[in-house]
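Labels A, B, C and D are assigned to the chains in the order they are written; within every chain, residues are numbered from 1.
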C-alpha cells in the first residue's frame, strides 16, 4: 500500500505539533503505514526551507496553492491563523485531498458552513484538530460514563482558564479586536464544548454573561485603546437528557495556565478532571461504607488505551503533544474509512453554532436554543 | 460587670454548637466576661433536662416563652427549625433580649422582614449565625483583598456542594417539599452569599437555572412521591464594582461533603479557598519570574487572628465548631456596642432578598435585579 | 456521683488546651459528669489570678504544692515545662491524685522511671498527653488495620517536620542547649512514636543519624554560640511483625508547619495521612480493575467516632484542640477504671526508652535494640 | 555535515523510546542534523523486520554484531536486558562507535568497570540513559539551587516507589532471583541516585536496611519459591557539603505507580517534586509575611528550557517519552564534544558503586563509605 502523502501548511506551534505527530504515528502505533512527509508550505520562503528541513518534509513552497496542487499529497494539515482555514481547507477538499484543520473552523459562521459544504461535496475526510478528547484518560471517562459507573449524569461543570490576558498592562493586540471574535468565547469555549460533545453530545440551550475585566489596554505606541471583546464568559446550559451545565471560560484568570476542569455529577457517583494534570482523574462511586467514602485519584495507565502504545507502565505520564499523535491515528482511521473518534466538520460546525448561540444570548440577555 | 445571662432555645446540632461556644468563649479569648448559662428551652421536657445538664445550663424549660420571660437572661440563642425563628426571635427582641439566631431568618420573606422590624424597634443586637465568615483564613482573605494583594477583583466563582441528597433512593422527606423552600437555593446559597457579602458586598443582579436531578423519591410507606423543589441551582451574578460571579449550589453532588469552593480573580492575582480544607487557602500574585509563578498554599497560622487565641503554632488547624466560638465573640462585641463582623438582621435580610430574587429569575427565566 | 475535681498546673498553651477540654468534655460527650474546675496553679500570682478567671477555675495559687494538697482535687493536669513534670506528677500521685501529664515525661530517663514507679505505687490513673492518637481519623486507620483492610503491614514511614528552627538566624535559646535534650529527637520523635505504638506496638531496633544544619546561632547580646544538639534526626527502624520503618524528624524544615506524614504499606493496600490535613486520610486497596486503581481521599465523617459527638455532617472538620477534648474523655475513662485508649506512664516510658535508644545508636553509629 | 548514523539494539519499551527520540529530536530542537536511522538489531528476525519498519530504520539484523560492524553507523543505542549491556557497549566502543546505553550498566560491578575502561580507551561518547534528570522542571530545580533560591541545602529525602511487586501472589519471576541483583536497590535506587548526583554530586557514606515483604512467591507450575532479594531498601546517607539524606526505594508499595518524590531542605527554603506529577514542583522561600507563607506549586512552562522547544504555553505538560528526546539532544551534544548534561560512564559507574556500597552496608549492618 502506498504511504500516505502529507502536506503541511503553517509552521507555528500547531504546525510543529502536526509534524511531530506525522513523524511519530507509525513508531507509536505500529499498525499504520509510515506517512511520507512530502510538502510544507509557509509564506516566508526562508522559514519554509528551514522548517521543511526541521520537520522532515521533502519539499517546501512559499505558495500554499502549489502544495495543494501537488499530486503526491493525499492529506493536508492546515495549521495557519484562523482566517486562512476556510480558503485552504476548501481548496484542498476541492483538489480531492483529505483535510486535518486546526480549530476553530473560521471567524465567521458562513465560512464555517462553506467548509462543511466543501467537505460533503468532496467525500473526503475532513477533520478538526480537537486533541483534548484524545487523552486516554478522557476516553476512559467516556467509557466509565457508558458503563454507568456513576449512574445517570445530571449535572456538569466545566471551566477553562488561562492567564495570558490577565495582566491589564498587556499591550493591546489583535486578540482584543472584535474582528478576532467574541473573546474567550471563541478562543476557549470550543475546547470544553468538544469535551462536552465527546461525553454527552451537543448543547441544547444557553444563557451567557460575558466579562470584560479591563476596559482598555495600553498601545505600544503610547496611549490606550478600548478592548472590543470579552476575556471571560460564563454560561448556563442545558444538554440532552436533562443534564444541566455551567461553562466558565476566562483568559484573564491569574495563575491558571492550561486549566480545563471538569466536574461530572451522576446518580451513582462523580468524576473530576483537570487538564493541568492531564494524567489523572478522580472518581467517586456511591456505595460501600461511609468510613471509606472518597474520591479516588487514578493515574493514567496502560489499561487506559492507547496509553499502552506510548508507555507500558502506569503513572509515567503522557504529554500534551502525545495527544496529537493519538489524534493523528484517528485522522488516518477516518481517511481509511474506519470508525474514528476525531471530530469531523459536521460536528465541528455544531460546536461553532453553539458558540454563536452563546454570543447571541449575551447580546440579547436571554436564553437561546441551539439549532441543529 | 454583670456576666451576660444566656438562654438557648433548641438542642440539636446548632444548639450544641452554641452551647460549646458560650462555654469556651472566655477561655479562648480571655478579654470578655465568662457568660452565665442560665436557661435552656426544648419542647421535650426529658430532653430539656438532660441537655441543660450536658450543656451546663442552670435551668431548663419545655416552654420557650418562660425562657424569654426570664429576667436573668440578656441574650437568646435561637437554634430551632427555621419556621420557629421568626416567632422566637421577635418575642425575644420584644422582651428586650439580644438575639443570636441561626440562619436562614425564616421560610417566608415577610417573616424575615418582621424580624428585622422587631430588631430595629428593640435597639438590641440581632445577629444571624453565619459562621463561615469567621474563619481566620476567610478574614485574612478579606484583608488581602482590602490591601490590594490581588489588585481589583473582576470575577468570582463559588460552589457549595454536598451529597446528602445525591442518592435517588433517599426517602422523600420534608427537605423535598416546596413548603421547605426552593431546595438548594435556601439550604445552601445563603452560605456562599454570606461569604460574597463579607468580601465584596451585596449581589446586584442574577439569573438562575435550577436543577432537579430526580423527579421523585421513594416513600417509606411504599410508592414514590414527586420531588417539589430543586436540589441544585446555578446562578450568574453581577456584584458591585463590575464583578461578575457564578454561584453553583448542589446538595446532590456525590463525593462533596462540606464543600464551599471560592475562586477570586483580580487584576494582580487570584485567591482560592475550599471549606473542606478550611485551614488553608491559595494565593497567586502576579509579578516575579515566570519560572517560579504559582499558587502558594498557605496554612492557617497565628498571624491570621484570632487563630492565635486557639493555637500558638501554625499548621495545627481549627475545627468547624471553633468558628462558632469566634462568632460568639463577635456577638458579644455587637451586644457591647463595639464594631462587630457578625451579620446582623439588616444584612441577613439582604442575603435572603437575593435568594428570593434568584428564585424569581428561575421561574421567569430572565435576569432579575436585587433590590436594596 | 460527685463531680471530678480538677487541678491545673501551668497556663501556657497546653494549660489553656487542658482548660478548654475540661470545660467542653461534658457538653461534647454528654455521658460523663461535668468536671468541677477547682484549682489553678501558676508561679506568677497575677497570671494565676487572671488565668483562673479566664479558664473558669474557682481558686488559684502561685504555689503548686497547695493545689496538690487540696482535698477537693481528684485529678491534676500537669502542663508546665518538661523539667517540672517529674516532681509535680510524683507529688500528685503520692497525694493520691490522678495525673494527666503533658509529654514528654522528663528530660532524663531516670526521672521518667521514677514517674512510672510513683504511678504504680499510687494505683492512680497516670496518663501522658498524647493527643494525635485521639484523632477520629487515626482511630479509624487503626480499625482498618485490624480489619485487614490493607492486609499485613510490612513497611511504614513517618515524617514529622516543622520550621520554627529553620532560620539560621533564629537567636540561640534553650532549645539548642544539650540540657534540653537531643533536639528534634526529644522534641518531635515522641509524637510519631506515639502513633506507631498506637497502630503497631513498640519499636524493636533502631539506627539513627542526626542532623545539625547550623553549627551556631546568633546571640541576642551579639556574637554567636555553638548549637549543642540536632535539629533533625533520621532513623531506620524495625518494628514487631517484621515491619520495617523509617522515621524522619526535622524542626528546621522550611515550609512544614505541623506535618506528621504517615505512609503505611501492606500486602493488600496502603494508607496515607498528614497531620497538616488532619481531617482526611488516603486509602489504596488492591483489587478491582487497573483502570480505576487509585488512592481514595476520605474526609473525616460522623462514621469515624467520636467525630459524631462534635459534628453530625461529614467534611466539616475537627480542630487540633478538639483532640484534647477526646483525650480528656479517655482520661476520665482511665480514672473510672474503664478501658481507655490514652497512653499511660508504662507505655509512655517505653516511648522514651525508644528515644534514648535512638540517641545511643547515633553516638555509637550502630543499630541498637530497644529493651522492654 | 553528514547525518549521524544510528543503530538500535533491542526493541522493547526502551528501544521504542530511543526510536521515538531519534525520530523527533530534529523536529523538536531544530538545531541538529536529522539523524539517519540506519540499522536495527533484534534476536528474533521476524520482530527485527517489523520493528525496523515501525521505528523507521533502513536495515535490520538478528545478529547485533552485524550492526556494530556497519560502517554507516556512528552511534549505537543499547536497550537490551541488563546482562547484554557490557558485551554490546564494549564491542560498539571498540568498533569506534559512540554508545547510548540504558541504565544500569551491568549486573556485576566488574563488568561495569570494563565498560568504563572501554569508553576511556575509545575516546567516544559513552552515555547512560538517565532520563529523569532531563526534565525541564528538574533542570530548573538545579538552577534554583545554584542561584541559592533556598540557601544552603542541608537535608534531602528521596522516595522511589512502585507497586508491580506489591501483590504477594505475583508469580515468582527473574526479578526475585539474587542473580538479578539486590532487588529494589538495583532496580530503583539508581534513579534517585542520578537525581542526587545531578543536584548535589555523589553520595559519600550510607547505611541501608532492606525489606523483604514476602518470604516466597507462587510458581506458575504450582508450589512456592523463596524470594531471594529485597523489594524495599531504606538508606541513611551523607552527601557532600554536610547534607544528610534519606533514600527509600520500594517496588511493593501499593498505589505508587511511578513515584520519585524529592524533598530538599535548605537554609532559606525548600523544594518538593514528585515524578508522578512531573510537570510541576513546589517551592517554599523564607521571608515575607507569615500570613502568606506557603509552598508555591509551579507548573512547567516555556521559561523552563527546553520545555519551550515542545510547547510555547505553560501548564500543558510534557510526557515521560519527551524526556528521552531531551536526553537524545544531550547525547548528540556529547558526541559533538559540546558540554552535555547527560551522565557518562564515569559518573554512571560512580552511581553503581554507591549501590554496591549500600548492599554491603546492609549485609554488614554498618555505615559504609563510598569510594571514589
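To be clear about the criterion, a contact is a pair of C-beta atoms (placed from the backbone, for glycine too) under 8 Å apart; a residue touches a chain by one contact, two chains touch by 3 or more.
Quick caveat, the model's predicted, so the values are computed rather than measured.
Counting only C-alpha atoms to place each centre, which chain is farthest from subunit C?
A
Does B-D or A-B have more contacting C-beta pairs?
Between the two chain pairs, A-B has more contacting C-beta pairs.
Centroid from C-alpha atoms only, then distance subunit B to subunit D, rounded to Å. What do you get?
Each chain's C-alpha centroid was found; their separation is 54 Å.
So, what's the distance in Å between the C-alpha centres of subunit C and subunit B?
About 34 Å, centre to centre.
Take the average of all CA coordinates in subunit A, do the same for subunit B, and state the distance between these two points in whole angstrom.
Taking the mean C-alpha position of each chain, the two centres sit 41 Å apart.
Out of subunit B, which residues touch more than one other chain, so two or more?
Only 256, 293-295, 299, 301, 314 qualify.
Can you list the residues on subunit C that touch subunit B in the complex?
Listed in rising order, the residues are 13, 16, 19-20, 23-24, 26-28, 30, 34, 50, 53-56, 162, 164, 256-259, 276-279, 299, 301, 310-322.
Over in the complex, which subunit D residues touch subunit B? Could you list them?
Residues 140, 143-144, 149, 280, 282-283, 289-299, 301-304, 314.
Which residues of subunit D touch subunit C once you look at their complex with the stated criterion?
Within the complex, subunit D contacts subunit C at residues 150-151, 154-155, 157, 159, 166-168, 207, 209, 211, 213-214, 232, 234, 236, 238, 244, 246, 248, 250, 252-256, 265-270, 284-286, 293-295, 365-367.
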